[in-house]
Structure formats: C-alpha cells, structure tokens
Amino acid sequence: MLTKTPLLNETDISASTGGERMSRADKEFKIVVRNLSFYYGKIQALKDVSLDIQANKVTAIIGPSGCGKSTFIRILNRMNDIIPGVRVEGKVMIDSQNIYDGNVGAVEIRRRVGMVFQKSNPFPKSIFENVAYGLRISGLIKKSSDLGERVRRALVDAVLWDEVKDRLNASAFKLSGGQQQRLCIARALVIEPEVILFDEPCSALDPTSTAKVEELIQNLKDKYTIVIVTHNMQQAARVSDYTAFLMLGELIEFNKTNKMFTTPSEKVTEDYITGRFG
Amino acid sequence: MISAHINEKIAKLVLWISSLTILAILLAIIGFVVMRSIGIINLEFIFSMPRAGGREGGILSMIIGTLCLIAISTTVASPIGIGGGIYLTEYAGEHPLSKIITFGAEWLAGVPSIIFGLFGFAFFVVFLGWGFSILSGGMVLACMILNETIRTTQESIKAVPASYREASYALGATKWQTVSRVVLKSAAPGILTGIILGIGRAAGETAAIMLTVGSFMALPTSLFSSVRPMSLHLYLLAIAEVHPGAIARAFGTATLLVLMVLIVNLSVHTIMRRYTRALR
Amino acid sequence: MLKEWIIEKSLIVAAMVSFVIIAFIIMIVFRAGVPLIAEVGVGNFLFGMDWRPEREIFGIFPMIIGTLLVALFSMLISVPLGILTAIFLAEVAPEIMRNILRPAIELLAGIPSVVYGFVGLMVLVPFIRTHLGPPGFSILAGSIVLAIMALPTIITISEDAIKAVPKSYKEASFAVGATHWQTIKNIILPAARSGILAGVVLGSGRAIGETMAAIMVLGNLPVIPTSVLGPIRTLTANVAMEMAYAPHGPHRQALFATGVVLFIVVSILVVISNRLRRGQ
Amino acid sequence: MKKGMWIPIGIVVLVAIGIGVIIRAVAPQVPPPPLPAVTPQVPLPPLPAGRIVVGGSSSVYVVAVHLAERFMDKHPGVVVETHSVGSTAGIVGAREGTFHIGMASRWLRRDEPGWGLREFVICHDAIAPIVHPNNPVRGLTMKQLKKIFTGEITNWNKVGGENLPITVIIREAGSGTRDAFEEIVHEGIDPVPTLILVGTGGVRAGVAGDPSSISYVASPAVDPTVRALEIDGVKPDAAAVVAGDWAIARPFLFLTMGELSPLEQGFIDFVLGSEGQQMVADEGLVRVD
C-alpha cells in the first residue's frame, strides 16, 4: 500500500513515466486525476491537480472555503457540465476511461458515480418515489416487484428502512433533516453506482444525525469508493482513509489521513489543520 | 439507455421547433403588415392631416389623438401607481391591508378592457358628463395601466438592497427621506420602464376607448374634444370605412402602431441595460 | 413629523385607488346591468338561446358557450406551444436564442389586439375560407388569433415558474443519471405545475377578455356552433359591437348585463390563478 | 378588513366625485351625455360658439364627413364634430342631447316619431343587395331575396346559381341599413344569417372574399370588389330611386330637438343647399332638391 505514495512527491508523473506507469495505476486506483485544471469563464478554479483515489476507501477533500473542493468533486461526475461557460483541462480516469472523452456521455458517468449534496434535496415526491426515481428513469426495471425490492434494499443500506417502512407513500418533506439526508443517500445507492461523492453531507445536520451519516459512510466503503468533501477537519479525520488538502485551487498535500493529521509534510497544511487560518 | 438518449434528442428538437414557430409567427405578422404598408407610409402619411373624410391626407390627427390619450393616462396613473407601489413595499409590510390591495391590483389586471370601456362610458361619459372626449378615454386608460405601474414599482423597490435603507437610517434619516432619496433613486429606472410599458398598452388599446373617445378625425382643441386614436382608426378602417384606400391605410396605421410598440420595448431595454450596468 | 404622517396617509390613499376602481366598476356596471337580469330572470338570461335585441329577447347562452369554446380551443393551441417554449427558454436555449426570443415574446405581448384582429381578418379568414371551406369567419380563426395573443402570458409565467424550481432538485436528478429531458419531465415540470397552471388560467382569462380580435374574425353569430369552421359570438364582442351603437333602454341594459356576466367569469379566473400562484 | 381602511377609501371616493363635479362645472358646455331612455327629455344646452356635434348612422356619416369638412372650410372657427355610431344611437342622441344633430339612415319607427324630433331628409339612398363578382346570379325577385335572408332558400341552385350553400351576411343590431332592409324586405320575419359582420366595410369585405355570400350595403359603397344584384329587373341606382322603381330605398335624415341654433341652422341650410346637394349626388345618393 505504501508504494502508492502521494503523487505530489513525484515529479510530473505523466510526462516522465509515460503510458506504462499510467496503466499500472489504472488497475489499482479507481479514479485517476491528471493535470486537472478547471475554469469558470476566465476564472481558474483548479490548477493542475493530479490525484489518485483508491477503490473501497474513503477519500476526504479538505480546505478553506473557496479552495475549489466542491468544484473538484463535481468534476468527478461531470456535474459541472450543467453550468454554462465552464472548461475542463486534463484527464479524469475512472477505471482507465477518461470521463471527459468526447464519446463518453455525462449521463452514463453519473449513473456510475452517485452524489449526495450539502443540503438534503429530496424531490417533492413520496419517500418511495424519491428512491425509485433513479431506477425508473434508467428504464432497467420492468417489474414493479423488483422495483419495490431494490428500493427496500437501498433504504436498508442507508439505515432508513426501519424508520420509514410504514409510510413509504408519505411526502419526503415529512422526514427530519437527518432522515432526508439518508433518503438522499438511499436515492444514490439504489442505482448501484461504483463511486459515491459526498459534498459536505453533514453541514446542515445536528450532531446526532451527523454521527449516523458518518457511521453510514464507514459501512458503505465495503461496496463503494467514496469521496467526501468537508470543511470539518475532525470529520475528515474520523471517516476518511486518505485526505487531500486543497488551497486556492491547488492540491497542497495528499496523504493517508492519519499521517496527514499527525505529521503533515507541508507547513501550510499544518497551519490549516491546527487552525492557524481557515 | 439508448431510448433515453433518443428521447432527449427528440424532446430538444420539439423544444427548438416550438420556439422557432413562435419566432416565425412574430416575423410573419410584422412582415405581412409592413410589406402591405409599403407605398402608403411616407412622411405625408405621418405628418399631414386627414382630408376628404380620411380618404386623402395622412393620419396626423390620429397620432396626436393617441399621444393625448397617453399623456393623460400616464399623468394620472403614474403618481397614483408609484405611490401605491411605495406604500405596499415600504409601509404596509405584512399588514393584511397589503394583501387585499395587491389582490385588488391583480384583479384589476384581469378585468377585460371592454369592461373598462363599459365602466368608462357609464361613469366618465354619462355620469360625470365629460362626453366622448380625450379626458374620458384618458381616464379609462389610466385605470387600466395603473396596475402595471404599481406592479413594476413594487418589483423595482423590492430589488433595492436592504443595506441601502439601513445605511440611510443609520445616518438619522426619516422614513420618507430614506424612501425618497435612497430607495426611489435606485428604483427609478425600473419604475420608468413600468411607465413606458403602460404607455405601450395605452397606445394600442381599442376596446376600452371605443366607447369613450368618440371617433372625430380633427385635432383636439380641449380636454373635452373627441379624437380618433390610431388603434380605433385602424379598427374603423378595417370594418367601417368604404373608400377604396381604406385597407391600404389600415396597413399603414397598423405598421405605425407596431413601430410604436417597438420603440417602447427598445427604450425599456435600453434603460434596463444601463441600469443593470450601473448597478455592477 | 406631521409631514411624514401626511405622506404616509396619502400613500395609503394611492394604494387604495385600484381597489376603489374595482369597487366603482362593480357598482356602476352592475347597477346598469343587474336590473335587467332580474327582470328577464337569471335563468332566462343565462340560458336563453335567442338574442334578438330588437324584439327585446335577451338570452346569452350561445355567447357563454362561444366564449368558453374559443378560450378552450385557443388554449389547446397555445398551452403546448407556450409551455414548450417556456421550457426551452428556461432550460435548453443557448444564450443567443434566449437573447432573440425574449424580446420577440415581449414584442408579441406588446402588439395591440386590433392589429392581431386585422391580420387575422386579412390572412386567416380568407385562408380558412379557401382551404377549409366557407365562411372563414370561424372558431378556428378566432382560436388561432387568441392563442397567439395568449402565448406571451403563458410563456412568461411558466418560465418564471420553471426558474423558481430549486436548482437542487435538478442537481439531484442529474446525479442519479437522469438525462436533461427526464429531469425536466419528471422533476422540474411537476414542481412548477401550479405556477404553470396559473399562467394557463391567466392566459385563458386573456382569451376570454379579448374583444377586438374576437369581433373581427369570429363572425359574431349568436348561435351554438356545430363545427370549428362555424362562426360564434363572444360575450366581449356582444358588448363591443352593439354598445358602439349606444342604443337605449333595455338593449343597453342587456349589454351591461353581458358585461356583468363577463366580469364574474373573469374574476373567478383571477381568484383561481391567485390561489395557484400562492400555492407554489 | 381593518376598520381604518374605510377612511382612505372614503377619501378617494369623495375626491374622485369632487373632481368630477368640479370639472363638470368648469367644463365648456359639452352636450349632456346620453342618459337612459326612461329619463325625460333633456333640453339642449346653449351652444358654445362655433361647435356642433353631429352623430349617428355610419352610412350617413360617410357623406356627412365631407359636408362637415366643406362647411368648416367655408366658416373658419366653426367645428362640426362627426361621429359614426349607428342610426339608433343617432336618433336617441338627438333626443337626449348627445348630438346637436342626429343622423339616421331609416325612417323613425315604433315610438320614435312621438319624441318631438324635427326631421330633415337630406337625401335618399338605395340599399343594394350585393354578391361576389363571380356569382353567375345577376338578379333575384323580391320574394327570393326575402326567402334567402329569412332562411327559406339556402342554396344558390334554387335561384339559378351554382350548387353552393348561401352565406347570408347581415349587419349588427342597431345598423340603420339593416333596419331599413329588414323593414322593406323581410315583412316582419327575423333574419337567419350565417354571419354577422360589423360595419359597411366589414360586410363588403366579407362578400368580396366569399363567392357564396350575399349581403347589402348602401349603394355608394358598391365598388368593383362586389356586384349589386338587380331586383325584379331593376338596377339599384339613383335614377331608379327617383323613378320610384327601386323598393329598397331609405332616406338619410338629420334630426334635431327643440329650437335650432344659428350654427345648426347654418349647417342644415348648407347641406340642403345646392352645393351640399351636389356633394351628396357626387357620392351616388339621390338629391332631394
């Protein structure tokens, strides 16, 4: 494992090592990001970020506000495509496929890379329909009994089933904030993605609900590769295996979480983690 | 998957087609009217008085009639509408009164123009005894465009940031000083566009005035003169006049009406563009 | 402080004006019309099949049906077209199309109704007469003209409603792999439903209240039609075409009574759309 | 509703009425408005120097506009306002004082003769039944004409034309042309129209566009876009009216109430004088002098 040293310690990996090294990396990493730059019109939000994300691990992205961490995570499922006037440079490989290749559809990528948002955002539909939505639009499920079963499993996985099984037809807005967020997780799980992105999933939740969601994230990594953006360093320390520290659009440091929080290699990282700024 | 992609393509195609249809309709209407008016519209048509019962000469008195109606209706409706808008946004707050008044304005907006015509005929023409006159017609139009002025005033005042007001109060200004010197100043362009839109509506309205202004072709000599505004002139040319040039003249009048609307819209856009640029 | 007090009170007065106008309209139009309804009998007036003012027989049932039919058919045309265009504008259109379409729709909204009626009379009526059969003056012609006139209302209000749908819904739908169209169809449109409905209701209000275009292309025959190619008379046309001749006695009262019915119908629509918009 | 809101409402209402009354008081003496017919006769107000208001029948209006224009040319400072509002409104307006001179294109009927109006016949006019120029039917009998307009004959092949359903176009209620036509042709039977169009121009355009249609207009309005029908072998023109051969003729009336002001008298004298009558004849109408 330690052979997968953080990329930042290596010099210009794509230029110096070429395709052979890349293909080796592709097999071992779920997501490989190379020289990623991102622009909102003329403003550059990410500068030449390269980063490898392991399968079945939780990778946390931390950094002060405006550092580009949300931008980064939304690049991984091409969510930024919706915003007009943006531009992506560099490569984002998921299972050795560049998701920004011309022949790759954003819709297909989003099916493989699920996402949970900062503020819980259930649809104005029933609890059941919220979860079933992804299946219905995919057109894969034909029989309604299958649909029910898949929805149930997703709700069980999201540790919500026991709380809602008697009122699946109630409006999703009747749920508490924490329940809504877990419903959104169930909605992401039901289409069985490979990667799940969490964009500050607990920032609007109380401590109890936060704990539940964090526990859930821990359980999910058996099946999924997880990337979580958080401004809460304690949370990153609690849930993640790897942590990336972004500042002003640049990747400052990327390392195993316990190493990052104990012996960061950069001065800036240490200053941020110890709360000298941020 | 594939069907979803094809659906997406079809749906977007349909969306494009429907929007292009609307553009085509607009171009067809304007194009048709303008093409048919070539040959009739010239400086003489615009700047000379009708002669021989409208068979010869231009439509100057109709244009002036329209302008008179606009002047009266705007003069009456603007202060009332702006005042009402200010009250609703700055003074009324969550007062139940404001809901009632807002609903009243909305209701007024929904009343068909012919009802305004009936009302104007019964009230201004008959009850107050103003007869078929620009005053009667102008007042009816004022009632009609009032709602527009209130609504745009409300919207533009709401767009003024609360911080402006707080800054003014913090300097010890009274409510009215704040409203008149800070809020209204920032909201002025928006309010102005509302007034201009009202002008556009007043210029084109026919049903409401056909029962109140009469149809006399000469220049007005007083508030109590009857006039024949362009919109009514167009209607009468299309259905009542029997002289050979009537239809050509109707197209000419229609083109001028459309031109008027175009000018109104353009000025609104210009004002709004300057306004948003100034805010930036 | 007295100055502030005076200003506030006068602003209240300004705000009350629109409500007072409504009150005046009700008072005056109802006072002139209701006695005749009472005399003829509500049932006879509303459900009477014959309108023969010269014999003092006043039944407006065919016109009520006519008004509703024309509104219905015009909505059949303008609702799909309008909603699709609203979706296009809010979701799909590239910047350049938006910059073309928005002013186009404003222009469409600004063109006076008499111009629409005139174009309908010169183009649509002859077209229908030659290609679909006489008389040309027909529900079809009227529906098309009124549909075009109602389009801007429907588009603008629907677009606002669609834009008011929280962005987070859209993101959530995209995040589970929905295509843009799936997101629009399954998430955005249902969430914007009540706002869009309000637009449709207001649009049909406009179609019901339209006068000039109705007179010019509908053929004005007060009978219940048997085909969309047949003529019809709306309530507004009834008032305008006969009131323009300002007759006397019961006939005039009957026209005011028609106005009363029209006013009530439109007021109901205003209340419904108000509820719908508040519901969103 | 809050108690206090009635005060502002009250103020607005009072101010509105107050302004109205003040304006009414200071207003130049416009003629009083048309009041409901039940009100007793309103005496004409004293004439303002130099202005008379003439209104009524749209058929008379067409010629009255010219007459008024010429009269104003001759008398600078005089304004003769002309309004096209229909015969019935013209008659009522003259009675109620809305118009100094009412115009009608039919004889007074029912209770109207009892109102004390003074009639001036300024000319006579033939109402011409019109059809599309391509219609092979050149003439009808009076009976056939009646049957077409009352719904007994509904196809042109019954009167020697093609196998085409007849589009019967009539004018709106209140039109003097319609009243006169129905009085003479219908013999008390209600019309069974296919379309009701507004205005002389409206029905003429309607007929011009529809090969199966029939309607009627004042004879001066017949132009090449339509063709006038012969009735019982007589062409509708001024000569036939003078000779008494054309049955569907009606007078153009000026109506006044009470004493004539010098201005009204002057205008009527002008219209009935040789110059006015010549203008009338130029319009295709039948002069009365």
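Each chain gets a letter, A, B, C and D, in the order it is written, and its residues are counted from 1.
The working rule: contacts are C-beta pairs under 8 Å (C-beta built on N, C-alpha and C of every residue); 3 or more make two chains touch, one makes a residue touch a chain.
The structure displayed is predicted, hence computed values, not measured ones.
Visitor: Are the chains other than chain C still all joined, and if not, how do they split up?
Guide: one piece
Visitor: Count the C-beta contact pairs for A-C and for B-C, then tell me which is higher.
Guide: More C-beta contacts join the chains of B-C.
Visitor: Could you work out which chain's C-alpha centre is the most distant one from the centre of chain D?
Guide: A
Visitor: Using mean Cα positions, find the chain sitting nearest the overall protein centre.
Guide: C
Visitor: Compute the distance, rounded to whole Å, between the mean C-alpha positions of chain A and chain C.
Guide: That gives a centre separation of 50 Å.
Visitor: How many angstrom lie between the CA centroids of chain B and chain C, rounded to a whole number?
Guide: Computed value for the inter-centroid distance: 17 Å.
Visitor: Once you find the CA centre of chain A and the CA centre of chain B, what distance in Å lies between them?
Guide: Distance between chain centres: 53 Å.
Visitor: On a C-alpha centroid basis, what's the spacing between chain A and chain D, in Å?
Guide: Chain centroid spacing, chain A to chain D, equals 81 Å.
Visitor: If a residue has to touch 2 or more other chains to count, which residues of chain A qualify?
Guide: As it turns out, chain A has residues touching two or more other chains at 107-108, 137-138.
Visitor: Listing for chain C: what residues touch at least two other chains?
Guide: 12-13, 15-17, 19, 24, 121, 179, 182, 215, 244, 246
Visitor: Mind pulling the residue numbers of chain D that touch at least two other chains?
Guide: Residues 5, 34, 85, 197-198, 205 of chain D touch two or more partner chains.
Visitor: What chain-chain pairs meet the touch criterion?
Guide: Those chain pairs which touch are A-B, A-C, B-C, B-D, C-D.
Visitor: Enumerate the contact residues on chain C facing chain B in the complex.
Guide: The touching residues are 3-4, 7-8, 10-19, 21-22, 24-25, 28-29, 32, 80-81, 84-85, 87-89, 92-93, 97, 100-101, 103-108, 110-119, 121-123, 148, 151, 155, 179-182, 184-185, 202, 205, 208-212, 215-216, 236, 239-240, 243-244, 246, 255-256, 259, 262-263, 266-267, 269-270, 273-274.
Visitor: Provide the residue numbers of chain B that touch chain A in the complex, in ascending order.
Guide: Chain B reaches chain A through residues 1, 3-5.
Visitor: What residues on chain A touch chain C, complex-wise?
Guide: 77, 79, 82, 84, 107-108, 110-111, 114-115, 117, 119, 121-125, 133-134, 136-138, 184, 187-188, 190-191
Visitor: Can you list the chain B residues touching chain C in their complex?
Guide: On the chain B side, the touching residues are 4-5, 7-8, 11-12, 14-16, 18-19, 21-23, 25-26, 29-30, 32-33, 36, 79-84, 86-88, 91-92, 98, 100-101, 103-119, 121-123, 127, 143, 146-147, 150, 174-176, 200-201, 203-207, 210-211, 231-232, 234-235, 238-239, 247, 250, 254, 257-258, 261-262, 264-265, 269.
Visitor: So in the complex, which bits of chain D are touching chain C?
Guide: My answer: residues 5, 8-9, 11-13, 16, 34, 36-38, 85-86, 88-89, 92-93, 165, 167, 169, 172-175, 179, 190, 193-198, 205-206, 209-210, 212-213.
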